[in-house]
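Here chain A shows up in two complexes: once beside chain B, once beside chain C.
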Partner chain A sequence: MSGPSTYEPKSGITRWLDRRLPIIRLAHDSFVAYPTPRNLNYWWTFGAMLSFCLIVQIVTGIVLAMHYTPHVTMAFASVQRLERDVPFGWLIQNIHAVGASMFFLAVYIHMFRGLYYGSYKAPRELLWILGCVIYLLMVATGFLGYTLPWGQMSFWGATVITNLLGALPLIGESIKNWLMGGFSVDQPTINRFFSLHYLLPFVIAGVVGLHVWALHEAGQNNPVGVDVKSKADTVPFTPHATIKDLFATTLFVILFAVFVFYMPDALGHADNFIPADPLKTPPEIVPEWYLLPFYAILRAFDFNIGPIDSKLAGVLAMFAAIGVLFVLPWLDTSRVRSMRYRPIARQFFVIFAVVCFALGWCGGQNPGNILLKAGPFSATLTWVEGGQVAERPIQADGAANWQDAANAAEAQARADGASMTAVTRTGAATGILRSVTGGSAQTRTVEGETTDYLETHITEVKEEVGQAAPFYNVERRVPPAFTVTNFSQVLTLYYFLFFLVILPILGLRERPERVPDTIAKPVTGGKAQGAS
Partner chain B sequence: MAEAAATSAHDGETTRRDFIYIAGAAVATVGIAATIWPFIDQMNPAADTRALSTTEVDLSAVPEGQQVKVLWQGKPVFVRHRTAVEIAAAQRDDFASLKDPQSDADRLKQEDGEAGRPEWLVLQASCTHLGCVPTFVEGSQFGGWFCPCHGSDYDTSGRIRRGPAPKNLLVAPYLFTGPTAIRIG
Partner chain C sequence: MLRAISAAAALIVVGCGVALAAVHGEHPEEYPFSFESPVGSYDMAAVQRGFQVYQQVCSSCHSMDHLAYRHLGEEGGPFSLYIVRNHETGEPEPHVGRPEHGGTFVEVTENPYVRAIAAGVTIVDIDPNSGQPADRPGRISDHFRRPFPNAIAAAASNGGAAPPDLSVMTSARHGGARYVRSLLMGYDGQVNGTLHHNPYFPGGWLAMAPPLVDGVVPYSDPETPQTVDQYATDVATFLQWSADPHMEQRKRLGVVVLAFLAVLAGLLYLAYKQVWRNESH
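Then we have the complex of A and B:
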């Protein structure tokens, strides 16, 4: 793609260096003379921002490590000391914490860019897969790093995630203990998480090197998805791409700075300002915003699938949600790269993007929250006012026959003219049957918007009726409801359908739009202008 | 040159050199695996961590109607000294309709299968729903534990009676080591 090197050393020193270590030549070929497609838009500037983010995280992280203590009783205080006492510690800590969010913001836009313009298609499959590896490493690093401040959310987040591995059959428990270095999240865990959190960014940097290498070998994709045909279709990286990247990164840094200086904790959870306490759980455990969609997929599985229980199914689905990205180049069968020319795929893509946001929203909600319901919760109370109450013991010959004996006793009481009966079991084979004869039957129906309100109303009725009735029959009715979990299930279904069904089938069936003549045909009549 | 000639001479045949390659690769594989193993195994729970995998509790310090929360393997465990009323309620409800049916006597059993004592209940203090730590009595309609997170309600035997939790509070494995002492784990 880059063709033969055009670098010519000018001075004696650079000539001397070029013979021995052609490092300037490498930099020149990669970032100065490297030809980039002319028609790149601003979605192509996120790679530069991501490099910037990685450098920021590594530099600030190294500084933080100079002040941080990976110890269960000291970690929280050491982070607070960093924020309050260390000169500019507040700034560096905020940059690192906000930086993680900015990193993920940029990487998600970068990934959606790749999805939309088909940047994963031949010959860029490996480029895409390396990107997925980087993303996976970022998730791991982000999770490890979030544990280190040792607040409540750190501790319980780490507990929930390590427990997920315990869902694996047979080996789950051993792997979990291996990872935690004990039987719960404790000192060995924080120690190793710190070590690995320091290591992984350098692994990421290495894979980024491979990513850029693969990019420069295959060449950049572009918004029309049509391969660059001649030098006339490209411009040199410097100054064209460098200045554009610099401009976009500047805007990005402004957003970054707004968070760092004006709302450094807006993206975190308030509970993480409470020191970790293994004896007390926060009311809700949620991950950082960038992992919420996967958390929603994890919790969408509240049902067993054959031999796979709900917990394991959720774990598998969560990993599959990332795993499916790795095989995407072979799932999308369309020969057209850019969705700009795929009118139907484009609509499915927009839905997919909305689904991802909605999954993120669901991940932050209490899964049992009801979004829609057909009516209020209701209950019907029946009781008898007045009448004679009789008690008689039930004796069954053995626990196995208890139910029969109770039913027989009830039927007997009814036959004797009782209008209501109630059975209380007192032992394996003994119980008491109470029945009311005569009196007037009463019925009342109460409604409540939530089960708690309904229970309150039921209690109110009971208090109102009071001693007049010996016992009540309460029939509770739950309206059909659509909960956050149900919503997550629908969204999860679409997430996987998009990759596993829509893209493979659509690629074969869809008729792409015609590429405009301005792209398909040389407008200059074959006489291409030189690169300006 | 000699090597090239040797290869062509034995083209397609198994030579002694092939054997050396295979043997060499096999030894190298075993050697690498043996070298890597210590680096993997070091992450497993260390001897001191494993030594702390049991917790001794002195029961004489827990008056009737009270409970202590102790850490066992880093996880909270309730050791409850139940009152006669609580015991009666727990035994009576053996026959109530339970989500996860289990008798009170079963839940008191010691690690070795011996019967426990009804006044001492040893439970793992994590709600079986999402792992929160339930509180005692406050909010419970069954006189037992109540999880403030999502409203799971457990009775005086720690059995789930209402709410989203699927299972009873887990019983911690324990043994009486003396008249007023137990060992958990």
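Then we have the complex of A and C:
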């Protein structure tokens, strides 16, 4: 793709260097003369932004590490000290924290671009897989880094994720204990997480090198998805792509700066400003926004699949959601790269993008929240007014037989003519049976939009009836409901269907639109490219 | 971004009719704090009064471990001291808080207000001669005095629940300063054993008794009302400052950075147009 090198050293020093270490030649061939398709749109500028993000994270991270103390009682305070007392420490910390989010924002756009334009297809399979490796490393680095400030969400996030790995059969427990450095998240955990968090970005940088190498070998894909055929199809990387990347990256940095300077905490969770407390579980444990879709997939599995229990199924599905990306080049059977010429695939792609956003939303919600229900919550209260109340003790021989004894006592009371009975358990094997004989039976049904309102209405009825009823029998009914978990299940199903069924079958059945013969043809209107 | 994504997704879902159970407390009352807008700064008089409320009321139970007395007098702090030239006489005179323009910052080590605040506090330290615990007057380098020697003592004195540290309280609660203000004003008088009802508190019942009553903190400024509402507003402002002491510097720098980036983006756009002027794409 790059073709023979066009670099010509001009001075004595560069000629000397070129004979010994042709590093200027490498840079020239890779970033100056490198031919780029002339029809690249702005979706192709995110690679530059990602390089920028990686450098920013590494530079700010190295400074942060100079001030950070990986210790369970000192980590939180060391971050506070950095923000308060180190000159511009607040700025460095904000850039690093916001930078993680910006990094993921850019990488998601970069990945969706690759998906839409078929950038994973031959000869770019390895390029795509290396990208998936980078993404996986980013997820690990982001998770490890979020743990370091040692706030409540750091600690409990680390606890939840390490425990999840424990669900894997055979090796899970060992991996969990190895990651934690013990049997719970504690001092050894923070030490190794800090070490790994410092290591992984350099691993990412190495894989990025391979990613760029593979890119320059195969050449860039482009919006029409046809291969570069002649020089008319391309422009030199510098200045054409360089200046466009710089402009787009500056716009990206503006968004970055708006977050850093005006809403630095908007992307984080308030609970992470509470120092970690192993004895207090926060009301909700959620990861950072960029991991929420996978969190939703994890929690969608609230049922066992044969011998696989729900927890393991969730963990496997979560890893499979990323794993499926690795085999995508062989799942998509279409010979047309760009979805610009695949009208049906394009619609499924749009649905897929919406599904990913919706999964992210689900990941941030309480899984039990009800989205749709067939009717209100309702309850029927039954009580007897004006009857004769009797109490008698129940004594079972052993706690195991308690239920039998209680049932027998109730049946006995009913046989004796009681119209209503109630059992109160007072000990392991003892209780009191209260029964009402005679009187008039009353019933009332109440409804409420939520369980809270329903309970309020039940209490209202009880207060209204007051002393007239000795006790109540309350039968609560939950309407058929569609919860966040159900929604996640539907979305998860689509996520996997898209990769495992839709793309393989569609590629064979779909009739693509006519693809242009060359890159230059549609952009120059068929005319020969003038001197440029 | 999360908010934007959630909002977009929520719109889709709201169409289907959402019914979410209310586990969170009541939404905090709106209040136009001066620091909320992108260019807003702190009302330093309110931060000073809020510090007084903290010192005289809150600090008997709540620590603020991450703050030192010197922070009060550093640039951007409520008691930062500047020397400004009097407009009429031309004489240099002290000015507490950042002046509108000009002024020479006085290093916190030379700041008599902060020294007085620190000296007014008794700190338990180790006597350098005997090695025994001994009391001494505070220094500006001391962190805010802890009301209890350790978390166990704090819990034991407060019915089992240690009062939380207030250093970053407004960042650590949904609703921030508005939540703090609403909570302090929101007690409705219902008591259940040692718990007090407050609609703004998640779950409704909290161990903290209503800490503020009208007139409990005497303000030197006769203009400012000495009411629970005013105390709550002031202490919420102080806690916002303590959680985010560099906010003013951050916003000022943000303007410069964004202006620079906007100009840079404009120039790069022109350069981009120039480079691509003869290229079809």
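Miscellaneous remarks
By definition in this document, the second predicted complex is superposed on the first by the 457 of 532 C-alpha atoms of A that agree within 3 Å, B and C clash if a C-alpha of one lies under 4 Å from a C-alpha of the other, contacts with A are read in each partner's own complex, and residues count from 1 in each chain.
The criterion applied here is as follows: a contact is a pair of C-beta atoms (placed from the backbone, for glycine too) under 8 Å apart; a residue touches a chain by one contact, two chains touch by 3 or more.
For clarity, every value in this text was computed on a predicted model and none was experimentally measured.
In this superposed model built on chain A, chain B and chain C occupy separate space and fit side by side.
When the two structures are aligned on the shared chain, A:H240 is found in touch with chain C, with no touch to chain B. In the superposition on chain A, A:R81 contacts chain C only, with no contact to chain B. Contacts of A:L105 after superposition on the shared chain: chain C is touched, whereas chain B is not. Contacts of A:A358 after superposition on the shared chain: chain C is touched, whereas chain B is not. In the superposition on chain A, A:P283 makes contact with both chain B and chain C. Ranking chain B and chain C by residues of chain A touched puts C first. Between chain B and chain C, the minimal CA-CA distance in the chain A superposition rounds to 8 Å. Common to the chain B and chain C contact sets on chain A are residues 283, 366. Considering their complex, residues 1-3, 5-6, 8-10, 12-13, 16-23, 38, 65-67, 71, 164-165, 167-168, 171-174, 202, 243, 245-246, 250-251, 253-254, 257-258, 261-262, 264-265, 268-269, 271-272, 275-276, 278-281 of chain C touch chain A.
Residues 43-46, 49, 53, 69, 71, 73-76, 92, 94-96, 125, 130-133, 148-150, 164 of chain B are the ones touching chain A in the complex. Contacts from chain A toward chain C in the complex involve residues 38-40, 77, 80-81, 83-84, 90-91, 94, 101, 105, 235, 239-240, 243-244, 246-247, 250-251, 253-254, 257-258, 260-262, 264-267, 270-271, 273-275, 283, 289, 292, 354, 357-358, 360-362, 364, 366, 369-373, 449-452, 482, 487, 520, 523-525, 529-532. Taken together, the chain A residues at the contact with chain B in this complex read 156, 159-160, 163, 177-186, 188, 192, 278-281, 283-285, 366, 368, 402, 425-428.
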